[in-house]
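Here the structure comes first, spelled out in structure tokens, and everything after it is commentary.
Residue numbering begins at 1 within each chain, and the chains themselves are lettered A, B and C in the order written.
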Amino acid sequence: MAEAHVVSNLVVALLLAAGVAVGFFVRRNRLWSEAAVDLRRRRPWALLVVALYVAVAVLDSVSWVGGAEAGEDVVAAYKARSVLDRAFSDFVEASYSAPLAEAEFYGGAPLVYPGRHLLGTDILGRDVLYMTLKGARVALLIGGLTSLIAIPLALLLGVSAGYYGGRIDDVVFFVMSTLASIPGLLLLIALIMAMGRSTLSVCIALGVTSWVGLCRVSRGETLKLRELDYVQAARALGVSEFRIVLRHILPNLMHLVIITFVLMFSGLVLSEAILSWLGIGVDGSWGQMIDQARDELSREPVIWWNIAAAGSALFGLLLAVNFVGDALRDIMDPRTLREDL
Amino acid sequence: MSVALEVEDLVVSFPGVGERTPVVDGLGLRVEVGETLALVGESGCGKSISALACLRLVPRPGRIDRGRIAVGGREILDLSVPEMRGLRGSEISMIFQEPMTSLNPVVNVGGQVIEAIRLHERVSRSAARARTLDLFEQVGIPDAEERLDAYPHQLSGGLKQRVMIAMALATVPKVLIADEPTTALDVTIQAQILQLLRDLQRDSDTAILLITHDLGIVNELSDRVAVMYAGRKVEEGGRVDVLAHSRHPYTEGLLRSMPALARPGERLAEIPGVVPPPDEWPRGCRFSGRCPRALPHCPDQPPASTPLPDEHRVWCHAVAEDVAS
Amino acid sequence: MSAPAGGQPLLRVEGLRTWFPIRVGLMRKLVGHVRAVDDVSLEVEAGRTLALVGESGCGKTTVGRSILRLEEPQAGRVWFEGEDLLALDPVQLRPYRQKLQIVFQDPMASLNPRMRVRELVAEGMRSFGIGADEAERTERVASLLERVQLDPDWMWRYPHEFSGGQRQRLGIARALAVEPRLLVLDEAVSALDVSIQAQILNLLGDLQRELGLAYLFITHDLSVVRYLAHQVAVMYVGQIVERGDTEALFREPQHPYTRGLLQAVPSADPQRRSLEPHVLGDVPSPADPPPGCRFHTRCAEAFERCSREEPSLFRAGSGEARCFLLDPGQEGAPAGSPSGPSV
């Protein structure tokens, strides 16, 4: 399992490379670069917040083994630790302590690092700020990886159904309707139980249950696009059907995909929080922190910093993402309609 | 009082790059009782916005910056919102271009006309229904009694437009504004609607402000014509004067580019170029960039009106010089 | 069969039938058909223009699309250069697609907003292997743009940066890029302002003279027809009701519908105010056409036979008309013979 971190590093590298590639594409394509500039103008703060979360997530994704410091146990020398892990290494207490406290919450014993835990510590004495920051990676992983699964699937099925119609449409329609008729949560639970609890299985389960929305939308949009004059013109010009889908249908669906992705992201993170509440979420997520807080809130005096930190982090990310998504929707929809006014 | 609608120095602006752009720039109009004035121009000239301004329905972010509008002698720009609402649909009505989208799809058509009547007059439902039935027959809707309960999607475009006309005329308005009322209709249906409008006007003395780009409709229906270009009036006069003896280069260009008035196979006279966007309007005459008769001072000085016989007026420096000599 | 020698029309359509099924309900039960094109025959000669005229629902647009097989007809033949296009499979059809192109009505919807103009115009070239490489195709795009009076430097722009009239020019350039012999112009100037329309009509006239293009000009605007077309075919509810040379048809229309149509066009000539609609009532739906002659419900000159039998095309004027009034075997012309010339 020591290789898991290598895979993770590779994935991060790939994603960064993909990001750079997208950046180049946007620069070259005037329509997209104008949209990007417009977005930066409308929601600079939201973009900054999202960028911050992404930066934190990357810090937690790049990990390697070794470099154990004096005083750590042997196990730590073999465990891959990320930049974030190392920054907060060994920053533990015995148990709960309030934010910026000098002593433990219960009992009042003095802390190892008094006044240095900005958000306090949890039941195991782990720094809450550290846990919260680690949660960013999990959230982005859930949102990102799941979307990477759901979106291509939805597009493939939706566009095929819309463009070719007939039998293919019937089959896709049937699958969509069936899935949509099963209570999402129950299906999620069933899938995760069947695949075993792991990050990947949660992502897959979430992916399987969230592609229907985009599929329906892209099918509808494809139906509409297929009848447009410029698609007919392409047919008259002898363009192959594959090329028509590639060059005429898909690019004109992209605005929908992006908006759906951004908005689906928040839905997915929230879904994971609910799964954690039920005990089958991803380890280390904010949802899990919130779940653990259930007990803590019923104590006397109340332990609030855990749930406050995780809740705020969750809220902050989703708020920023929603702002960006709404702005994107405003930019992209009227653009296609706003012709030579 | 013989002037049903009077507009003076109307300026309607929209936000643009930088300051606001006046899409209607100092327009003046006069429609007498029982008369039809056609407001002609191509897309973007500001004619539709002018019509909406007469009802104070300019869509935001547009705004009436200045001017005077009087309906039946009554100034409307100073009225409060409830007062204006009382006027709309009773003293001044409008019929729109798209009958498909101008009617509420979930209310039957009889109901919509009844509602329009009862909004402005204290009559019982049955009285309003009787009047609606009358109106439907007047506008030539066959099987009027059954049609009262029909929904818009059950009616053809021509019938929907007749319903709109019935609704607009239900309160016997002083002024009817018709914004491209037949553009979306077939030619044979258009002919029926145009004849209907003509007959109705004859019977009720309603003044009609007809917005259109079709010079054929202008000829068939109007008494006087005003030609607009890029927010301003460029020529105005009686129907025959403007259509047969036009003097403004734009009007002439428009008439000569019509295939109906050309010989088959002969090249149509073109007006070169396109209408300039508002941020490229010159300080003077806005047509000067495309005008075959443009003089050196045309782009700098807006032309004043040159009076011609029979209340025919032209806004053009070249014509002014012709007349002076 | 090789292409026949001169004298034969470039395009000959015979008995074209394109019906659309009407399906209702959850089970998508077939309840009837929209008979959009119902037994249409016409001819277009090389280098000449045939106008196809009619009101909404008459099927003229569907005729254009059916000829190009953008809609699949159920029956009929489309003879082009000696081959029946409807009998070819998609692979055999492909080379013919190059010779028949189409220009659409809506300047907004006819160009992919996400493609640059150069890509748009060159797309057909790539399909049919015109131009040896990208550089040559760029050159061709440049010369095409010049021919339609647009600045070649604009080929790197996107469609939304052009006005409606300019976009129609782009549509024409795109169609010309593959060097067709016939252009279907589907209401190509209907959405344009009068002054822009004049520019495009002039361009079309010039191109026809320079390149020997044939046009199938689909429109509802009769004044454009008279100006541009050599021959006219009038359609009503899926059928051709009159065909003939333009001047002859306008001077002496043979079919009551044609007469009514010409009568209904408002005239811009201030000496003539002629509006008195002769054609009353609404256009019937092609899903449910009237029995017998489809026009009889609105025809002032209809008589008993018209509601029973469907007339075929009879020789009339310079062409033919689908009306029993012109049936030489029709005994006893009804009271009130056809009114005189209406234009």
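The rule is short, and it goes like this: a contact is a pair of C-beta atoms (placed from the backbone, for glycine too) under 8 Å apart; a residue touches a chain by one contact, two chains touch by 3 or more.
Bear in mind that the values here come from a model prediction, so they are computed numbers and not experimental data.
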| item | value |
| --- | --- |
| Pair of chains joined by the greatest number of C-beta pairs in contact | B-C |
| Remotest chain, chain B as reference, centres from CA atoms | A |
| Inter-centroid spacing, chain C versus chain B (mean Cα positions, whole Å) | 32 |
| Between chain B and chain A, distance of the C-alpha-averaged centres to the nearest whole Å | 55 |
| Chain centre separation in whole Å, for chain C relative to chain A (CA means) | 53 |
| Set of chain C residues in contact with two or more other chains | 163 |
| Of chain C, residues touching chain B in the complex | 55-56, 163, 165-166, 193-199, 201-202, 205, 220, 222-224, 226-228, 246-247, 260-261, 263-271, 273-277, 279-283, 298 |
| Of all residues in chain A, those that touch chain C in their complex | 30-31, 228-230, 232-240, 247-248, 251-252, 254, 336, 338-340 |
| Contact set on chain B toward chain C in their complex | 42-43, 142, 156-159, 186-192, 194-195, 198, 213-221, 239-240, 243-244, 253-255, 257-262, 264-265, 267-271, 274 |
| Chain C to chain A touching residues, read off their complex | 65, 68, 70, 94, 97-98, 100-102, 104-106, 108-115, 123-124, 127-128, 158, 160-164, 171, 174, 178 |
